[in-house]
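In what follows, structures are represented as structure tokens.
Here come two complexes built around chain A, the first alongside chain B, the second alongside chain C.
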Partner chain A sequence: MTGGSFSSTRWAVGGLLGLFAAVIGYGVWLEDFQRSFLAEILVWGVFALSVSLVFGVGGMLSFAQALYFGAGCWGYNVAVFAYGLSGWAPVVAGVGAALAFAIPTGFIATRVRQHHTLIVTIILSVLVSTILASGHWRWIAGPYVTRSLPEAPTLPLGALTIDYADEMSAFLATATLVLGACLLAMLLIRSPFGLALKAVRENETKAAMLGYDVRLLRWLMFVAAAGFAGFAGVLYLMLSRYSNLEFFDWTYSGRAVVMAALGGLGTLIGPFVGTAVYLTAAEHLSRYYEHFMILVGILLLVLVRFMPDGLWGGAIRILSIRFSR
Partner chain B sequence: MYDLIGVLLLNGLAWGLIIALIALGLSIIFGLLDFINIAHGDLFMIGAVLAWTTVDVTGNFWIAFVLVPLIGFAAGCLIERGVMRPVENSPALSIVASFGLSLILQEGVRATFGTTPKRLMDPLGVTVELFGFQYEAYRLLAALIAALAIAGFFLFLRRTKLGTWMRAVRQDREMAIAMGVPADRIFMFTFGIGAAMAMLGGVVAAPITSVEFRLGLDVLPLCFIAVIIGGLGNLPGTAAAAVLLAVMEGLVSAFAEPTTARIVSLVVMSVVLLVRPNGLFAPARR
Partner chain C sequence: MTTSRRSFLQLALAGGASLPTLNLMSGIATAASSSDPIVIGHQADLTGGISSWGYWLDKSARAAVDHINANGGVAGREIKYVAEDSESNPPSGARKFRSLVQRSKADFVIGAVHSGVNLATCPIAKELKTLYIPNGMAEEMTGSSGNRYVFRTGSDTYSQAAAGAKWAAEQLGKTWTFIFADYGWGWSHFNEHKKVLESIGATVNPPIAVPLDAKDMLPYLAKVPENTEVLYSLFFGSQSVAFYTQANSMGVNKRTKLYSVICGHEAISPADLGGASEGAHLLEYLPRQLKHQDTEYNRKIRELMKVDPVNGQEEGSNRIIAGSHYWATWEAVFFIKEAVEKSGWRTKKDTPEVIKALEGMSVEESLAHPQGAKTIRAEDHKAIIDFKMSKVQDGKIEMLHAIPAKDIVQFFPPRVDFTKENV
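Moving on to the complex of A and B:
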């Protein structure tokens, strides 16, 4: 997307670290309740990032990301309530659950053509939500889907212990974990795997001729993106200590698509920009106008018309045109 | 027991025909414009809301059958021109745009119509004795109207100039343009017809369901299932799949709860997709 020296990995990592330093500095400076709002933006940003990866990088129109967000919460809860684990184990369990769930569902979703992927992922979401809401299979899902954590989670880190009960430590831990996720996503996009996917997205037939297994690449990316969604679920659960059945709903995926598209699909920072704009706008507009979602809808229509690569994507494009002169 | 099955089958048939009508609208829009309209379920919902409003204002339900599809057609043309045309070439953007449209429609109805589900009076107010049950005659009429609309749609596609043009653009856009078919206008027209069919479905369904702003969210997945099982872009297949699924759901719900029936049909769909990714009725290659 960016041209010349700006695309080098060293620049990108440096830029990302600088950006996060700024965000953390800003968060430390904020009031307590504003700080937790910022932490929430970062967490939903990871969720939007998973859409950006599967949609923008993988070229798959997935509306199933909420499933993996929910699966992340579920895995965390199972580890805590069924096995009495604490610390990092539930985090791993949450991401693991999302990945494990994405392997079969992703297989179905990616072996069909592009337009089918959208439909199949919506139907999978409806299937899972219907099953969860119906009360069947309660032995798996029942006590772990809608659940509140009784106490703030703690994360051991060497000699230190991060206690989420403290607002500041919760923010710092969340921001650091989100930074980790971003670095991983960057690695993924810039790896040979990410580049191969780019080739697939741009010309599927050509990529297949060159010997890439298109289906396998897509499947892998789908599963990886689901891992990010699951991680977002885990981060959200740790921060708010609350998980709900409605996290599985496909309209939640839609919300993530909106946030990612606002910022720029396929970019790394875009989803966070989109999330920040969306959540801040929702927070402020909802005070004056109950039906602010109408405005969000109109904003989306205007955006796809005049700034199709999103706020961040558009800014990058304008800047790179400026600098390359 | 057999009486109950008979009634549930009839219910399934009526719903199946309504779903088929909506799903056909979704399918022609997809076939021509190559994008999936996420707001299609909300167009159906708008149709039901407008039917309710018609009764509220004029006291006559039957006016809605004429009025609402016309509004739907006009709205569809406007949406295609204003919203979809600029993003037509990017599937990702058109999905985002239709999601934005869906937000506007849902929230707009919530703001004006309210959040509480409303019920329409049975417009016929007649019951007939069927399988030992007092069956609402309107359900039979609803099935009939939906079936007639579907038949009319296929006749329109086969027998009129516009229908032929629509099929031509669908088959080969460049060639159709070269032969002088006004493809731009056909796109607009198709979207209008698709929207009108969804809204007509809403009118037909309004008296047998509760009218609320989330109505489309339940119907959209059903249409998707019909479209996928029937084969994306395969119109008769889509109609057949919708009826088949609804009847199957009706049958299963004779023995189990409705949610179980829904789960069964979703699982059947997943299996069909695994075995035949292009749908039940599609040839192996598109």
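Moving on to the complex of A and C:
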């Protein structure tokens, strides 16, 4: 969180919990379609959060996030279909797959700087999705990714079992898991690691002179952000029971970059605000106007022009100025 | 899609603001009574990759609804038709399905022609206990990814291979090479055809899979082995144009016979290819030209579609009809009508009765079913339909002969049995 006078951790955790309580309360009050839509916004929000972390905090504009979203789906489904696992194990497998895949690919992507990161991550994405789609290599992902879950997933929680077949349970489980991801991201940003990374982003040479291992820091952050993207993939798969090779495509990364930039890069809540605005605008407009993407595009241009730090980032900035007077 | 400027602006504003407005659009759920309209939703591909087909599926379903409403409705009730845009994108399409069922209270939903959207929707259809009629060609919807709530009124890769491969192998040649776009759809065609061809003793060369973004076909066409008698191609849109023009300029179409399903020509006129596909054999599901199935029913539906009898070009536009696909949504609306009337369906909780009525339902060629007589097979919920073998001649798609369903049905036995599932 970039927020001057709001920066004490206790305040931030409290604020986050309060915000989620409000979101969950709102979701429970909503009608069924809107409730599952809200759950979907939270899930894509975690995906946008991974961009906020890798780009906003780490300073690396990655278009490879969709690879890790897809890897999350892949890991989950391999656990389900190849090993017959259920409950939490596929969730761990999904996030684990994303992290494991990010170690070598992140190593390559973080060797370069600025716009080269963008180019390298796009090349990586195109390379991987072409390989996975190709008939010769289809055995890697085809049998696992392009399959729907036959049954709604369940998550054991002590004496309770959360059944995703019930829409309210699915919403509550999703919202709670997203809250968990946000708390983890907050810890990451505020940890000495997160602060060191900020130093690297601001001035790499200075950070190196202070004794930081710049390469390692960037690599670790890249892998961590990939874990969030993979977790988003897992959450989406559980919510929709569906995944596809298309999820590996770099255009999905592009969408996440737009959502994160719209809400505020480097912030925790911004990506969710951006995702909500993007999806809600697309959802409402597309019902009444076929070429709604033109309007969404104009809306984005206006927002980016007048609020370059995003809706949430801008709101925080304005509030900070007010309160510090 | 008529929206006044003011109401449109309000919507734009409502969309622009975020979460707090989510609930603005919601109606208050009311218990359906048996005199209310029956709501048929359509998850239509109105924008994105496959919208040149989606346009026709929407137009045709809309025409069917208007026709039924003007002629007494369904069991005396009016149909309300609601279309939402899938954006040719699976996550959006699945969300639109939910929106149709939960927000617009759709009783039945006709699905996209984008297979990815269909596959994303099948599990939700089961959970929301809503009858779903997808229009994509992937075999899985009436196979491994289907369920008791999913029905198909059109065709799929499995039955297409069974319908065309045997005749083509006997008439065009026994040594085949496949060249196709390197993704699920192309591989599905290759695998289904290979099974049929090898079972009748034909030879299948190693496949030539072309990356989706390749515009230059020459390196791939150069790989077509000398011994090839039949070259099976499967591309979409601009890649299809590239394939036919470059195969023509290299003379590949002189030394081999070109064969494919209609999809590479769907919503495209052979004239647009500059004669490059001349002589190619195509498997159609309803002839592009009216004269090859000149029934009063096809005359009527083409009149409603406002297309010319030869090229299927729309009056006042450059659109070419997706002639082998558009009828499937027209018939889907009528299948729903017939199943509702047969089962005595009154509200959505009676949907299991509609499912049982559809399983094994046979219909005659009629205005409701202009493509021809057909049966919905009970086990896998797939419509067993007639096909046509056609050929591009003088820039037109000319039918050679009909392939009646009864002659080919034994070549694609059901792979699943949904009737064993509970509803």
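We take it that the second predicted complex is superposed on the first by the 320 of 325 C-alpha atoms of A that agree within 3 Å, B and C clash if a C-alpha of one lies under 4 Å from a C-alpha of the other, contacts with A are read in each partner's own complex, and residues count from 1 in each chain.
The definition used in the following text is that contacts are C-beta pairs under 8 Å (C-beta built on N, C-alpha and C of every residue); 3 or more make two chains touch, one makes a residue touch a chain.
Since the model is a prediction, treat every value here as computed from it, not as a measurement.
Q: So, A:Ala133: does it touch chain B (first), chain C (second), both, or neither?
A: Both partners, chain B and chain C.
Q: So, does A:Met293 touch the first partner chain B, the second partner chain C, both, or neither?
A: In the superposition, A:Met293 touches chain B and chain C alike.
Q: Now for A:Ala165: first (chain B), second (chain C), both, or neither, which partner does it touch?
A: A:Ala165: touches chain C, not chain B.
Q: Output check: A:Pro308 vs chain B and chain C. Expected answer is one of first, second, both, neither. What do you get?
A: Once the two structures are laid over each other on A, A:Pro308 reaches chain B alone.
Q: Applying the document's definition of touch, where does A:Leu265 land relative to chain B and chain C: first, second, both, or neither?
A: first
Q: One more residue to check, A:Ser148. First (chain B), second (chain C), both or neither?
A: Second partner only, chain C.
Q: Is A:Asp32 contacted by the first partner chain B, the second partner chain C, both or neither?
A: second
Q: Can A:Phe55 be said to touch chain B (first), chain C (second), both, or neither?
A: Only chain B; A:Phe55 stays clear of chain C.
Q: Can you list the residues of chain A that meet both chain B and chain C?
A: After superposing on chain A, chain A residues 130, 133-134, 136, 290-291, 293, 299 contact both chain B and chain C.
Q: Inside the complex, what are the residues of chain B that reach chain A?
A: Those in contact with chain A are residues 30, 34-36, 38, 83, 86-87, 90-97, 99-104, 106-108, 110-111, 217, 220-221, 224-225, 227-228, 232, 257, 259-260, 262-263, 266-267, 269-270, 273-274, 277.
Q: Show which residues of chain A lie in contact with chain B when the two form their complex.
A: 55-56, 61, 108, 111-116, 118-120, 122-124, 126-127, 130-131, 133-134, 136, 251, 254, 257-258, 261, 265, 290-291, 293-294, 296-301, 304-305, 308
Q: What does chain C use to touch chain A in their complex?
A: Per the stated touch rule, the residues are 1, 3, 8, 11-12, 14-19, 21-23, 25-26, 29, 46-47, 84-85, 87, 90-92, 94-95, 98-99, 101-103, 116, 119-120, 122-124, 127, 144-145, 182-184, 187, 190, 207, 209, 211-212.
Q: Touching residues of chain A toward chain C in the complex: what are they?
A: Touching chain C: residues 23, 26, 30-34, 36-38, 40-41, 130, 133-136, 138, 142, 146-150, 152, 165, 236, 240-242, 244-246, 273, 276-277, 280-291, 293, 295, 299 of chain A.
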